[in-house]
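Think of it as A, B, C and D in the order they're written, each chain with its own count starting at 1.
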Amino acid sequence: MEEKRIGVYICWCGTNIANMVDVEALSKEMQSLPNVVISKDYKYMCSDPGQDIIVNDIKEYKLNRIVVAACSPRMHEITFRKALETAGLNPYMFEMANIREHASWVHTDRNETTGKARDLIAAAIARVQWHESLEKRIAGVNPATLIIGGGISGISAALEIANAGKQVYLIEKSGTLGGIAAGIDLTYPFLNSAKQMIDHKINTVMNHPMISVYLNAEVKPEFGKKIVGLVGNFETTIKSNGEETKLNFGNVIVATGLKPFDAQKVINYGYGKLPNVVTSVDFEKILKSGVIITRDGRVPKDIAIIHCVGSRNENYNAYCSRTCCMTALKYVNQIKSALPKTNIYDIYSDMRAFGKGSEELYSITSRKNMMFLTFDHKENLPQIKQASYEDPFNLLIEFKEKFSGESIEVPADMVILMVGMEAHDDAKQIAHDVGISLCGNRFFIERHPKLDPVATTTDGVYVVGTCQSPKDIPDSVSQARAAAARVLASILVGKVEVEVTTASVNEEVCCGCQTCISVCPYTAISYSVEDKVSKVNEILCKGCGTCSSACPTGAIRSKHFTDQQILSQIEGMMSASKSKKNLIEIEET
Amino acid sequence: MSQRVNLDLKNELFLYGAKEWNQCFQCGNCTATCHTTENDFFFPRKTVRQVLMGLKKSLQTNIDPWLCTYCGDCSTTCPRDANPAEMMMSIRRYLISVYDWTGISKLFYKSKALEIAVIFLLAIAVMILYLFFTTFPSGDNSQWIGPDGGALINKIAPWKRIHFGDWIMAGILIFLIITNVFYMWYKIILEDKSIKIGFIDYFRPVSALPKLFNPEKKYARCDEKKLTVYWILHLFLALSYATLFTIIVFFLEWFQTDSVYPIFHPQRLLGYIATVGLFVGIIYFYTNRTIKNLENSKYSHFTDWTFLILLFLTTLTGILLHFFRIYGMPQLVYITYLIHLMVLVPMLMVEVPFSKWSHMIYRPFSLYFAHLKKMAIKKQKIISDEYSQQN
Amino acid sequence: MQFQPVIVSFLCNWCSYTGADLAGTSRMKYASNIRIIRVMCSGRIEPTFVLTAFKEGADGVLICGCHPGDCHYHEGNYKCLRRFHLLQKYIQQMGIHPDRLRLEWISASEGKQFVELADEITETISKLGPARINKYMEVAKY
Amino acid sequence: MEEKKSTVVYFCNKLNGTSDVIYLPEIIEYARNLSGVAMVWLPDDISLSDPEQVAKQIKKSNLQRIVIAGNNPGMYKSFFSKAMVISGYSPEDVILASFTEHGALDKADTDKAKAIIACGVYGVSFESAAIPEEYPVNPNTLVIGGGISGIQASLEIASSENFVFLVEKSGTIGGHMAMFDKTFPTLDCAACILTPKMVEVGQNSFIKLMTYSEVKEVSGIPGNYNVKILKKARRINPAACIGCGTCAEKCPVKTANEFDSDTSLRKAAYIPFPQAVPNKYLIDEKVCTYVLSGKCGVCAKVCPVPGCINLDKKDEIVEINVGNIIVAIGFKIFDASKFEQFGYGKYPNVLTSLELERLINASGPTDGKIAKRVQDKKGNWIFSPDEIYTPKSVAIIHCIGSRDENHNKYCSKVCCMYSLKLAHLLKEKLPDSQINEYYIDIRAYGKGYEEFYNRIKKEGVNIIRGRPAKVQQYGNELIVRCEDIERARIIEQKVDMVILAVGTEPCSDAPNIAKMLGITIDTNGWFNECNYIGDPVNTFTSGIAIAGVCQGPKDIPDSVAQASAAAARVLQSIAKNKIPDSVKNLTLEQIETKAKELYKVLER
């Protein structure tokens, strides 16, 4: 093993460090430490001349390890690594001692601070001894993309990618594209025609040279997992209309969408028993058919709309389905236009008109001749029952009105239940297929709820649309495109960089206890049955090192944070104070 | 017993001058702004709600609209431009028609034409009676002019006869008012099963009477800057009106004299002050309603106008009559007197029991009832507290 | 001279180390006894590190991670928490006072909290006096 | 099918409208002369009360298709569908020609409006008929605004190894998010999740960061825009500055610190906040004595780096060429002093939500301790660390300036949630104090939001339905008067602190930027997107996308998603090196002919 030649560089940072730390003294002292070839101090190491010093010294003294004592590595580690690279040294042969943010800026006694700085630098030197050169790992990216689900989200994503001239495989469970959006008559808040919007998109998709659509398609199981491979290169076999196709692709976009809540679960509303209690899904059909009539063919004189059916209630779904309120307002307008004389009662709990133009639609609607009523969405839900025979109407809704405190009854010929959104029953299966996880509400979990709402913990797999959480069309579309952006970026670069500081298994030492597998948050470690050891998938590994600390035999080492490196860092850190300490001990005895 | 909601009530109220307020989203801003609302009677939101939901029963037994002083703050700050204040006024009109058991006021409110027609009919009736019972000052003028130069009005239209007419009219009016107030009492107190008011309780608030019968006082709590003038003039108008009304109906003999008293004689002084009161008041309210500078004069139902106009004409003719009399012009006296009566009588007959005027009676009473209710509620609270303490 | 304890502290890269940096950039002052070692995640910290620190003569060890739920790697800090509890028992058996080993959550914006923590722990440990464990170990060597 | 006149065009908006194109008679004329149009109906021609009657008319003059043209044709669709069904046709034959949907907004778009009608009459979608020619694309991109949206968009594009110019008006990127303490509903601190991204931007070699700069002029065609950027003089050379802060230490001038939303003071030589990117100091020319009067110059003397501070540095204009532009200029908060009744600006302890964010932020003016607001010698209201106290009760009032006909009609979308979050944070800091929320509707719509709402309720925050009317100060306690609607009573709550949950408003310079870029703004002042439903990130000017709150109020996840979406459109054009021209540049004939072709195809 080649001898270690370490260069140590201590930064003044103007006066920031030099005020509190005796820089010159330290640099002299460090000279004496083992393997330190050269030790210098300079006003601004980060400045270009400062970097030049390092570069030249590396060439001149054949240094192969560098320690810089300056500010926080979070600020300039990358800068100095670049410097090493320019000097032809592996960037990981570098360690930084943070003597500004952690020493000179936070302490008041110069001697103490200097002492601390010494310890930190010594630690860095001790650590850098054990550094090893690490090579960036690159995986190529297959330019094709698989999109699961042909709803509005899937279509938008597909178009976005295909219009960039990249191949897209779009697989859809049912026989037609468009999903829920295709079943809608008008879209809120501007009441534009959904059909005209989606038909255009569907046509473009069907005739697009870069999109191959597979209808009635499903993914065929292949040794347990349906989609095998890693970011950049996945492969799977799909079964569409009987015939099987083998697909290779670099990214996966999951857009499996939603399923409406089953209103029969709410007994109070008697959906399924009372013929004229319909769900919003049924009512969309009625609207598309053009004539609004009850099941027994009469023109309804009173129509009631009930919100939050299956949403915002622990007994069904605790979450809010986000779209029902506005859809209800849309219905009010459509009914009013078709049947101007019909009385409409809108029974809600909180009117969630939050999108662009939504509050405006709310106030337009409320100017119409209709009635808003409020109910408690948690306990004692409204009770719908058949009206008595002589009543001129068909149904009677009884509940306690929240705003007036009166207990009231509402006549209705037709009741529309605004059913919420739910995850598909096979969500779990899909999650398993693509290697992502579900949240408590059985929606897919994104990597970060705020800053990364489309990516998942598995690189190359993205979730968009209502399978991630309830959404309206605009939000689904922009999410779909967000995912497309990621895909396109990776395709344009043509390669994905893989985390370097990953874990790796020393197979001689590994006893195959599989503890590591249980602790890994990224399912990056798998147990290979034939050689009876764990194997790390370095592309999935993010290098948190949890496994190596869990490993009983020390077989797993996480690169750049090996036990040796950290332990020697500790020793180096203590070396100075240790000797001092022994003195104290002696004095005491 | 659960009430059935009903969209039509709201639409019915449009006839009583209600404006756009279906867009109310029940934020409660109006109630919180309101200066007069208290914990037992909070409005306008609750009342608005009753209307929007069409809870006729609760609305008819609702006393709150009478407590509103229409300072207009709720309307100016309303986030949805639902102007609750004007709606309270509309409900007042509605309630007037509810309390009026004859149902005539409902007709008046709903059709402008009918009201005007009735006014004309009454006017003509008055004319006929007048021509029948009075004598036109024909021939030599001197015999119609008294020693001190004033026209002998009692010779033209003897006060006894006028007075007789007055009494008949007053009788009718008082009968109507009393019965209406009783009906109001029935609606507000009896139909409200939640509270109990014993016979004796009705006499408890006597101490508070002066407070109750000066409703304008409540304006003071409202935003002073813009409304002090308003409520002072309103009070002035109301008082002058009351004085003249009482004088004419009960002391006509003392008021309508042939001899012209010196200017500082209480008869003339009183007459002048009251007239000024009326006149200024009318002009003020008239301009308010035309230039709409105040929140409470932004919207006007036609009944508001008819009342103002009739009152104005009455005052005007009254003034003319007076001067014609003291400057001794019997013919003109004869004619103006006729016109005066032709305006006065319809105004009283139409407005007093059936329209705007009647709030002069209902408001004090409503305050009285509100007071009763408050006491009752307090009592119940105490009882229930004791009860809860016991176990 | 008054006893100056040495406290080795392991900070996770994403929250705590950033927090400590914030303390620096906003020029807060704290006792100079803390020696910081950066690890990617508090989940990386294994008992050996702590024990070595004591063996090498540290008078106290401080471990900082992201607040529960904020871990950059989902759940590393929970793993760390579990180990910490076991370790507490273990060091007691070794004759090290449990207060010498501390686990705290410091987020990237809690520079202030880090400073308070540093001072507070320094004080406690100065009270406890020097950890002699390393002496005993040396004795054990022979 | 030319000769068969079977279509009727119904203009749904009244003719006495204001700014809308459709009221120009020429459009009606145009519609009348379109081939296939049998007749044109105006609102007064038919009554919308009885479909039967209309059905009769349809039968009489055997019509087969109805095109509803106007600004909101959807409002009338159901009526005509019914009429069609009665007269025996399918409701599918009712076609909406919405002007607003495709961006025919004012007189200038008359031709577009005509084209929209034409497409409706021929039964083809506007998108498929209006296909503009394509230009080559300059791979560089300009991102205006360095908030979270701008950062996200830049990173997305840079990750594809294409250059991005990120232009930010203030001295640092980060925007409003950097000011927040925690973010709902996960409650992870904004700094923890934002600063890494900011550092990434600072270090990414594909992002050219231009802070303290403004876009002054944009010219050119889609795919190749020429942009003039005003680089304001920082007066401290960022390349040389080592961030030691000596200049700020010595600088004699104090001014309100906008990063703490003016609740603390900073020097004229300052760094916006400790984690700023670039982490370099700059000089505020508005207050610096030297800049104003030519005297002082202390900073230059004390600066340890020779030649780093040059107080005479002048602004400069930089010219760049880009293919695409992403606008992410964000928002400004509603000015709470417009509400006299809440006494903001009059009573010191009536705060806006943003001020509270800073107050409870660990890196805020009081290190996260709750303090009274006091007036310093110079008369500016600040949170002073020596005024720390524990308010016994706090009131949080929702919908300040939002959902209000007198102010902003729209809902600001985030206030409910951040108020709940603030309530939680306050509860954390002041476990024994009483926190009251006053709301109209709780709008907890996002993933995990409703659960968060329930959690806050369980934590013992009283959440009261009812909009307070006024806040009044008696002595040093504030009184909030409101109606508790659900418990049916009037509340007069004594509180020590009132938080106004202020809404969002478009930036004051949004109109200028819109004019400069040739994009449109809606009645509320937000930028218009191409098509709210189908295409929520593009504008009517091709090559210019909008992201984040400047398009309409949004929370962080939505902004981030939209920013990425905008990036997608850019990457798409770069990937195939083609970008379509703006639709508005197409002539009426072009669209017409294309529509006719498609129509023929359909007929076959």
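Assume contacts are C-beta pairs under 8 Å (C-beta built on N, C-alpha and C of every residue); 3 or more make two chains touch, one makes a residue touch a chain.
None of these values were measured; they are calculated from a predicted model.
In this assembly, the chain whose C-alpha centre lies farthest from subunit D is B. Computed from the mean C-alpha positions, the centre of subunit A lies at a distance of 69 Å from the centre of subunit B.
As a whole-number value, the distance joining the C-alpha centres of subunit A and subunit D reads 23 Å.
If you average the Cα atoms of subunit A and of subunit C, the two centres end up 32 Å apart. Separating the CA-averaged centres of subunit B and subunit D is a span of 53 Å.
Residues of subunit B in contact with two or more other chains: 25-26, 46, 80. In subunit C, the residues touching two or more other chains are 18, 25, 27.
Each of the following residues of subunit D touches two or more other chains: 186, 188, 279, 403, 405, 441, 485, 488. All chain pairs in contact, by the document's touch criterion: A-B, A-C, A-D, B-D, C-D. Partner subunit B is touched in their complex by these residues of subunit A: 343, 345, 351, 362-363, 366-374, 398, 401, 403-404, 406-411.
Interface residues of subunit B, counted against subunit A in their complex, comprise 2-5, 7, 10-11, 20, 22-26, 46, 49-50, 52-55, 58, 80.
The part of subunit D that touches subunit B in the complex is made up of residues 341, 399, 403-406, 440-441, 465-470, 481-485, 488-490. The touching residues of subunit D, when paired with subunit C in their complex, are 181, 186-192, 195-196, 245, 274-275, 279, 361-363, 367-368. Those residues of subunit D that touch subunit A in the complex are listed here as 48-49, 51, 72-79, 81-82, 84-86, 90-92, 95-96, 98, 100-101, 125, 127-128, 148, 152, 156-157, 159-162, 183, 185-186, 188, 193-194, 197, 199, 203, 240, 242, 244, 246, 279, 304-305, 403, 405, 409-411, 413, 441-451, 454, 485-486, 488, 526, 531-537, 551-553, 556-558, 560-565, 567-569, 571-576.
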